[in-house]
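Note that subunit A is present in both complexes that follow, paired respectively with subunit B and with subunit C.
Our next item is the complex of A and B:
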């Protein structure tokens, strides 16, 4: 089973929603990640047949599906909102795609419903109606309905986004094991980097209606090919600092470090620093030091996010382990190990160097 | 907070509202001589004679049944036409959809008298004159636009994703409409049916003009009770009481949704 998107474009009036999408997805799970408005939902709707592509082809298992109506396609779709049929019981909700599938033996419906309900952990809720369920249970019902019928393409559009943190963690674990053995193509969209990294599946990064990059999420995290990919895969957001390359050194707001590789190509660079790589004490030799003023300390319990204002007006966020108390207005120094700095070309956003990856790969 | 006069004001208001109804009920259980005789709050002689006359006189009870019949037909027919129309307005975009939607409602703005002559002439020539079907169709002129407006409001409150999920699951549009969609807007259908019933039930002008004997509405019969012996007040009051009952029954079923219906489902 394979899903191929060949030059898919979607334009709505003057806006470009999808711009020349070319993808080849094989069976098993693929994660689609991108910020809000990147075109994830539109892409899924095009694949499902809910939205006509302005140009390009959607090919499922070697066949162009343009002429096949939504009803006849072998797809299942899970929405971000919990969409179930309110007037039917959970059992009938899950059974409905099976009953409508001529190829599915009618005497097997109940058995199959029980099977997927058990898999999704809602086996004891079958006689209830969706309105009598919690949000998490409603979404489990929707996913169970999508899983019930074997389909060529299973589309999940941010299925966990509207759930609370704990449920999300739990359901994510369940889904990961479930999609591993899937014979069809499973396309799972999310805007949460933790989800993309957690599934450890082939990942497509989408941004502004274009495919930014395709690859392994962990690789892309360690060595983001562009600034856009780095930003999409970073949570908490990546700190960005301006830098200038001069004689093999990179200067950044009064601090400087030896450029990891020759950067003759670019003069102006953007330095990407992950918040957890910033510390305010115990700097190693060669660390970049930035005098700063503490503006705000957000405590989450396991970590403290320190919002710093650097000289020159640049903001920097440091993620410190544990609960730490600071007074706003306090002076501090932010230290960054140059080995953990991502260097991007300011003009094109391409990665010029990531010391982390070089150390990891070659050191 | 409790206003000191709240209770008094409430009972005063309730009495004002209820008095005509109670008075009519009181009249309906008195003989005519007592009604025209001395004024008294409590009936001196209670009788069911007026009701007996109503149910034994063919003119009275058949016109009562006529009204119930064409009103029910109208409610069903209006819904059958309005449900698909409202769905189309709620879900599809087509050229001129917004104008058409508004134009529908303007049908209700014209006074019914405007349509009297065309209906009378057309019905005479196509054989719909003095038939229940004829009255039901004539009332659809007012009720279908209203029904479309109410239903469209309710339908637009239902996420489109449900329609899409059904399509993906393999439901055909008619099957989805009947099995999934209609149960979701049960209350809207009830409210719409109530409004159709209400307008058709109280409408007198058209119903009277396009009927003569076979489909004569109860309201028309009530306006024609003057005989050589004068007005039969007791009988008229009994007919009045009975005319309230069907409306009261219908409103009981949709009492919880009426407010939403009045706002055309846009709450």
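Our next item is the complex of A and C:
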């Protein structure tokens, strides 16, 4: 099974929703990640056949499916909202796509429903109606509905976004093992980097209606090809500092470090620093030091997020391990090891150097 | 005094659980809330309770002149409930309401389902559908009185001369009944349609897409997605249409005046004949109270059945 998108464009009046999408997805799971409004839902709707592509082709298993109506396509869709038939029981809900599928043997329906319900951990809820279930159980029912019928393309549009934190973690684990051996194409969209990284599946980064990058999420996290990809895959958000390249050195707000080789062509750069790479205690030699004022300390339990105001009005967030108490207004110095700085070209946002690139050089 | 105590207890800083326990004891004793309810109590008293009590007062007396009256107990209730004319009118009204509900509810839902969901046509459709609701009752009566006439009315003339069916609502009781029923359907189906449309509009698009992906038929989509979502608004629509049609007065009064014979003389028309025409205040009072009671009971039954069946 393979899904190919060939130059898919969607325009709504003057707005471009999808711009020349070219993708090749094979069986198993693919994660689609992008910020709000990146075009994830539109892309899924185009694949499902709910929205006609303005240009380009959607090819499933070598066949252009443009002329096939939604009703006849072999797709299943799970929405962010919990969509189930309100008047039907959980059992009937899961059975509904099977009953409507002529190819599916009718005497197998009950067995298949039981199987899928067991898989989703809702086996004991079959006689209930959706309104009697919790949000997590409703979404499990919706996912079970989508899993029941063997389909070529299974689309999940931010299925966990409306669930609370604990349920999300739990369901994410369940889904990962479930989609691993799927024979069809599973396209899973999310805006949460933790999900993309957690699934460890091929990942497509979408932004402003374009494919930003395709690859392994962990690789992209370590060595983001562009600033946009780095921002999409970073949670907590990346700190961005302005820098200038001068005579082989990068100067950044009073501090400077030797520019990584090869990219002297850019004059203005953006430095990306992950919050957990910032410390406020003395660091090794060569560390960049920024005098700062403490504005706010957010304690989450396992970590403390320290919001710092640097000279020149730039904001910097430091993620410190453990619970730490600070007084707002206190002076501090933020240290950053230049080896852990991502250097992007300010003009195009392309990565010029990263920590792993340096490590690779030495190793 | 009690409210003072409640405030003191609230202001005191005490351990949490203790405070919670005390609050539960003291909170309901703040009586100032009654002042906020007072305007409602007064207005309801003057607009509903006192007029109703006046009717109750009439219903237990035989009144000859304002100064000359005797107490008769429940005699009027007995005679009204045994009166064959009242009983016939009751059955007639019940039949009329049943027919109104059977026609208007499905028709209204059907119109709502066919109305566009988005685009410019939405406002056009809304205005067209809502038009009959904007016409005053007696004007609706007049419109239909003329419309259904065999000699000069568009509808009546067409039935008589184009379709070749003899139709005359001033002579034939069935024709009169059909005219009044059609008039009510024309006037009030839009209300049901608008309520149902509002209910349908609140269904998120993904439900329809999910049904489409399942390849569910239009009927299945209606039966399993739209209809369950309409339960709430349809309960209201059924109640409103029942109460209104059971108390219908103006339109049949204008069109047929209750005739021919007694064919369209509903409870309200009979009541006004007794109360205003003959000025029999005692029987009319008893009649009004029984009428009121029937509407209340049937509405209650409807409401209970419709809300229970949802579970």
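Keep in mind that, in the parts below, the second predicted complex is superposed on the first by the 359 of 363 C-alpha atoms of A that agree within 3 Å, B and C clash if a C-alpha of one lies under 4 Å from a C-alpha of the other, contacts with A are read in each partner's own complex, and residues count from 1 in each chain.
In the analysis below, a residue touches a chain if its C-beta (ideal position, glycine included) is under 8 Å from a C-beta of that chain, and two chains touch if they have at least 3 such contacts.
Because the structure is a prediction, the values reported are computed rather than measured.
Visitor: Looking at the combined model built on subunit A, do subunit B and subunit C fit side by side or clash?
Guide: clash
Visitor: Quick one: is A:48 in contact with subunit B, with subunit C, with both, or with neither? Answer first, second, both or neither.
Guide: Both: A:48 reaches subunit B and subunit C.
Visitor: Figure out whether A:9 sits in contact with subunit B (first) or subunit C (second), or with both, or with neither.
Guide: So A:9 meets neither subunit B nor subunit C here.
Visitor: Check the residue A:75 against both partner chains and state whether it touches subunit B (first), subunit C (second), both, or neither.
Guide: Both partners, subunit B and subunit C.
Visitor: Is A:97 in contact with subunit B, with subunit C, with both, or with neither (first, second, both, neither)?
Guide: both
Visitor: In the overlaid three-chain picture, which partner chain does A:88 touch, first (subunit B) or second (subunit C), both, or neither?
Guide: After superposition on chain A, A:88 lies in contact with both partners, subunit B and subunit C.
Visitor: Of all the subunit A residues, which ones make contact with subunit B and with subunit C?
Guide: Residues 48, 50, 70-73, 75-77, 79, 81, 83, 85-88, 96-97, 100-101, which sit in both footprints.
Visitor: Of all residues in subunit B, which touch subunit A in the complex?
Guide: 159, 161-162, 164-172, 180, 183-184
Visitor: Using the touch definition up top, name the residues of subunit A that touch subunit B in the complex.
Guide: 48, 50, 70-73, 75-77, 79, 81, 83, 85-88, 96-97, 100-101, 145
Visitor: Using the touch definition from the top, list the residues of subunit C that touch subunit A in their complex.
Guide: Touch residues, subunit C against subunit A: 204, 206-207, 209-210, 212-216, 223-225, 227-229.
Visitor: Which of the residues in subunit A come into contact with subunit C in the complex?
Guide: By the definition above, subunit A touches subunit C via 45, 48, 50, 70-73, 75-77, 79, 81, 83, 85-88, 96-97, 100-101.
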